[in-house]
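Both of the next two complexes hold chain A, though its partner changes from chain B to chain C.
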Partner chain A sequence: MRANVWSGRNTVQVENVPDPKILNDRDAIVKISSTAICGSDLHLYDGYVPTMKRGDILGHEFMGEVVEVGKGVGTLAVGDRVVVPFPIACGNCWSCKHELYSVCENSNPNAGIAEKMFGHPTAGIFGYSHITGGYAGGQAEYARVPYADVGPFKIEDDLTDEQVLFLSDIFPTGYMGADFCQITGGDTIAVFGAGPVGQFAIASAVMLGAERVIAVDEYDYRLQMATARAGATDAINFRENADVVEQLKELTGGRGPDAVIDAVGMEAVSGHGVVQAVDRVKQAARIESDRGAALRDAIMACRPGGIVSVIGVYGGLMDKFPTGAFMNKGLTLRSGQCHVQRYIKPLYERIRKGDIDPSFVVTHRLELGQAPDGYETFKHKQDDCVKVVLKP
Partner chain B sequence: MSKVATVTVLGPREEVERLWHELAAERGADLQASFRTAPGDRGTEIRVEVPGAPSNPVGQAVKKLSGDDPLAKAKDELRRFKQLFETGVIARSDGSPDGPAVERQLKQRPAQPLEQPERQKAGV
Partner chain C sequence: MATPPRPLDATLHGVVDYTMGTFLMSMFPKLAGIQGTRSARQIRLAGAIHAGYSALTDYPLGAVKTLPYKAHLGLDAVGAIALAATPFVTGQHRQGTRQWLPHVALCVAELSSLLITDPTGRGDYHGNVEAVRRANSIAPSSKLRDGGPAVRRPAAA
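For the complex of A and B:
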C-alpha cells in the first residue's frame, strides 16, 4: 500500500510499504477513506519530538471502512464505516475504566521509554513516534487498529467524511479543553491558538455556555475564521500588539479571563522579539524542548482562582514556568492528550443534531500522494491553510 | 544487591495469583513475586525482587545499553503479565512487534507494517 512516511526533519514522502495484517485477536484492519494532517504532526515534521525513526508512517486522524476483524472483536463487522480515535486504549485497565483513555496502562509496548521521559507510560498513539508505542499511522491506504472493540466508532448516518473525520482528534480535543474550564453562564474564556484545535475549543466553549470567547493568534485569516465560523466574540492578533496579557485585561475590565485554553503547545511563538529569540535558541540548542510563550501568558492572564487548560502538545521541558503567578493566584492547571473515546459519542450526537458542522475548518483537500505539499503548506500557513484533508 | 519491580493489576488477588502461576513457564525469567491487595479497589499489587543487578553505575549502564538489564527485563515481564491478565493480548506495535521488550526498545523497527518473515519471527 501507499503511505506517508517521516524521512527526517522537514521531510515526508509517500512510499510503498507492506499492507497491515491482524497481529492480535482484538485487531481490525481499516481501509482509509479520509485522513488529516494534525498540528501536532508538525511537531514530528519539525523534528521536536524524540524517538522518531525514518520510515515511520505518520497520521493519527483517520476514518474508513472495516475490511478485516480479529476473532476477538465482536462489535465490528466487515463493511462498517468507522472513525478511529487517536489514542489506542485497551478498555480494561483502571485508567480506561475511569475514561482516562489517553493514559491507558496497556496499549504502549514501549512503556519503558515513556516511563523514563514522563515518570509513567502513556497510551499508544497512531503514527506519533516510538515513545507512544511505535504504531504505524493513518496517512496511508490501510491501518491496523488494535483493541478494535474499544476504539473505532461506527457512523451509521449519511454524514460526509469531513463532517465526522475530526471526531478522531481535534473536535474532542478542543471540546475537552473547554470542558476542563467548568464553564458556567457569563464566563469569559480566552483561547490561545486559532488553529484547528483552537477553532474547536472556541466552538465548544460557546456550546458550553461561555458568554465571551476571545481568540488569540498571529494570523488574521485564522482569527477571522474564529469570529465568523467558530463563534469567538473578540480577537487579539499579537503581531499587532505583543502584550496579550494587558489586552486580555482590557477586554475583561481588568479581571482577566475566567479560564484560558492553551491550544498552541511546544512550538509557541511570542510577539515579543527577544522572548521569541531566546526560546528558539534554547530549543534549537536542546536546552529546552518546549517553547513556553503561550503557557506563560496563559498563566499570567488568567484571573485569580481561574483555570488554565492545556491541550496544546508539550513533549519535555520548558524554561521559566511562572510558578509564582501559578501558585499565588491559586490557579488550577488541567491538561492531557484527549480522552477521545469519552467524548466521541456525545459529540457525534451534536453533529447529528446540527449543533455544529466540523467541516468548517477544512481549507485544503489533497490526494494522499500530495501529502508532502500538504505538510509544507500547513507548516508555513500558505494559502490561508487551516486544515488539510488527504484522500488515499 | 537486589532491586524491586512492581505493577498493579486490576483484578482480585486470588485470580491474579492463579494466572501468575499458570503462566510461570512462559516467562523469560524466574521471578519470585509477592502479592498484596491494593487499596481503593485498585486491584492487586505484584512485587518482584530482582537479584543480580550490578551495584556500580558503570555496570548498570553497560547492562542497560546491552539490553541485558535484569531489572528492565523483570519490568517487561510484569507489563506483559498485566496486559495478558487485563486485556487478553500482548500489546504489539509495528515498532515493537514482540510487545514490551527492553532489547527492542533500543532497536525499534520503523512504524510500518511487518513483512511475513518478521511476523513469523514475532510469532504472529
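For the complex of A and C:
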C-alpha cells in the first residue's frame, strides 16, 4: 500500500510499504477513505518530537471502512464505516474505566520511555513517534487499529467524511479545551491560535454558551475564518500589536478573560522579536523543548481565579513559565491530550442535530500522493491553508 | 535508528555563518594575537569567503540564492580542511604555534558545527504550491468567509 512516511526533519515521502495485518484478536484493519494533516504532525515534521524513525507512517486523524476484524472484536463488522480516535485505549485499565483514554495504561508498548519523560506512561497514539508506541499512522491506504472494540466509532448515516473525520481528534480536542473552561453562560474566553484546533475551540466555546470569544493569531485569514465561520466575536492579530495581554485586558474592561485556551503548543510564536529569537535558539539547541510564548501570555492575561486550558501539544520542558502569576492569581490549569472516546458520541450527536458543521475548516482536499506538498503548504500557511484532508 | 540531534537548522546555520565570517574578519586576529601576520590575512580572507558564499546560498538568510544548501555545507567542510592545511603547505607552521593553531582550531570548530547541522534544509523551498492549487478541489478563500457561521449558539434560557 502507499503511505506517507517521515523521512527526516522537514521531509515526508509517499512510499510503498507492506500492508498492515491483524496482529492481535482485538485488531481491525481499516481501509482509509479520508485522513488529515494535524497541526501536531508539524511538530514531528519540524523535528521537535524525539524518537521518530525514518519510515514511520504518519497520521492520527483518519476514518474509513473496516475490511478485516480480529476474533476478539465483537463490536465491528466488515463494511462498517468508522472514525478512529487518535489515542489508542484498551478500555479495561483504571484510566480507561475513568474515561481518561489518552493516558491508557496498557496501549503504549514503549511505556518505559514515556514514563521517563512524563513520570507516567501515556497512551499509544497512531503515527506519533515511538514515545507513544511507534504505531503506524493513518496517512495511508490502510491502517491496523488495535483495541478495535474500544476506539473506532461507527458512522451509520450519510454524513460526509469531512463532517465526521475531525471527530478523530481536532473537534473533540477543541471541545475539551472549551469544556475545561467551565463555561456557564456569559463568559469571555480567549483562544490562542486560530489553526484547526483553535477554530474548534472557538466553535465549542460558542456552543457551550460563551458570550464573547476572542481569537488570537498572527494570520488575518485564519482570524477571518474564526470570526466569520467559527463564531469568534473579536480577533487580535499579534503581528499588528504584540502586546496581547494588554489588548485582552482592554477588551475585557481591564479584568482579563474568564478562561484562556492555549491551542498553540510547543512551537509558539511571539510578536516580540527578542523573545521569539531567544526561544527559537533555545529550542533549536535543545536547551528547552517547548517555546512558551502562548502559554506565558495565556497565564498573564487570564483574570484572577480564571482557568487556563492547554490543548496545544507540549513535549518536555519550557523556560520562564510564570509560576508567580499562576500561583498568585489563583489560576486553574487544565490540560491533556484529548480523551476522544469520551467526547466522540455526544459530539457526533451535535453534528447530526446541526449544532456544528465541522467541514468548515477544510481548505485543501488533496490526493495522498501530494502529502509532501500539503505539509509544506500547511506549515508555511500558504494559499490560505487551514486544514488539509488527504484522500488515499 | 533514532535520528541524532542536529539542532542547527538552515536558519541557525546562516546565523553562525555570518557571525563567524564577521568575527574572523574583525576581532579574531587581535584576540588570537596574530594581528599583522600572514596568518591574520589568511583567516580574514577565509572569513570573507565564508560570508561571501553564505550570501549566495539558497537558505533563508541567503541574499542571492544560487548555491544549493548542501553544496554550501560541502564548501564549509572543504574550506575548513583547506584552512587547517594552509600553514603546513606554506611552511609558516615553523614560525610558532600561533601561526598554525588558530587555523586548526577554526577547522575543528567548523567541522563540529557541521556535525550538529541538519543537512535537510531546503532553502526557501516551501513545497510546490502551484501543484497544490491545481490539485485542490476547494477554493480556500471561500471557506474563510462564505457560508455563514458553521456553529449554532445555544438558545437563550
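In this section, the second predicted complex is superposed on the first by the 392 of 392 C-alpha atoms of A that agree within 3 Å, B and C clash if a C-alpha of one lies under 4 Å from a C-alpha of the other, contacts with A are read in each partner's own complex, and residues count from 1 in each chain.
Throughout what follows, contacts are C-beta pairs under 8 Å (C-beta built on N, C-alpha and C of every residue); 3 or more make two chains touch, one makes a residue touch a chain.
These numbers were taken from a predicted model, which means no experiment stands behind them.
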{"item": "Chain B versus chain C as contact partner of A:Arg54, first or second or both or neither", "value": "both"}
{"item": "Which superposed partner A:Tyr147 touches (first chain B, second chain C, both, neither)", "value": "first"}
{"item": "Greater chain A contact set [chain C / chain B]", "value": "C"}
{"item": "Which of chain B and chain C A:Ala77 touches, first, second, both or neither", "value": "neither"}
{"item": "First, second, both or neither for A:Asn24, with chain B first and chain C second", "value": "first"}
{"item": "Touching partner for A:Asp383 - first (chain B), second (chain C), both, neither", "value": "second"}
{"item": "Partner chain(s) touched by A:Gly127 [first = chain B, second = chain C, both, neither]", "value": "first"}
{"item": "First (chain B), second (chain C), both or neither touched by A:Val67", "value": "neither"}
{"item": "Which superposed partner A:Arg286 touches (first chain B, second chain C, both, neither)", "value": "second"}
{"item": "Intersection of the chain A residues that touch chain B with those that touch chain C", "value": "51, 53-54, 130"}
{"item": "Partner chain A, residues of chain B touching it in the complex", "value": "8, 10, 42-43, 72, 75-76, 79, 82-83, 86-102, 105, 108-115, 119, 122, 124"}
{"item": "Of chain C, residues touching chain A in the complex", "value": "1-3, 5-9, 12, 118, 120-122, 125-129, 131-133, 135-138, 140-141, 143-145, 147-154, 157"}
{"item": "Residue numbers on chain A that touch chain C, as the complex places them", "value": "8-11, 47, 50-54, 130, 185, 203, 206-209, 221, 224-225, 228-231, 281, 284-286, 354-367, 370, 372-377, 379-380, 382-386"}
{"item": "Partner chain B, residues of chain A touching it in the complex", "value": "3, 5, 17-21, 23-26, 51, 53-57, 72, 90-94, 97, 105-113, 124, 127, 130, 133-137, 144, 146-147"}
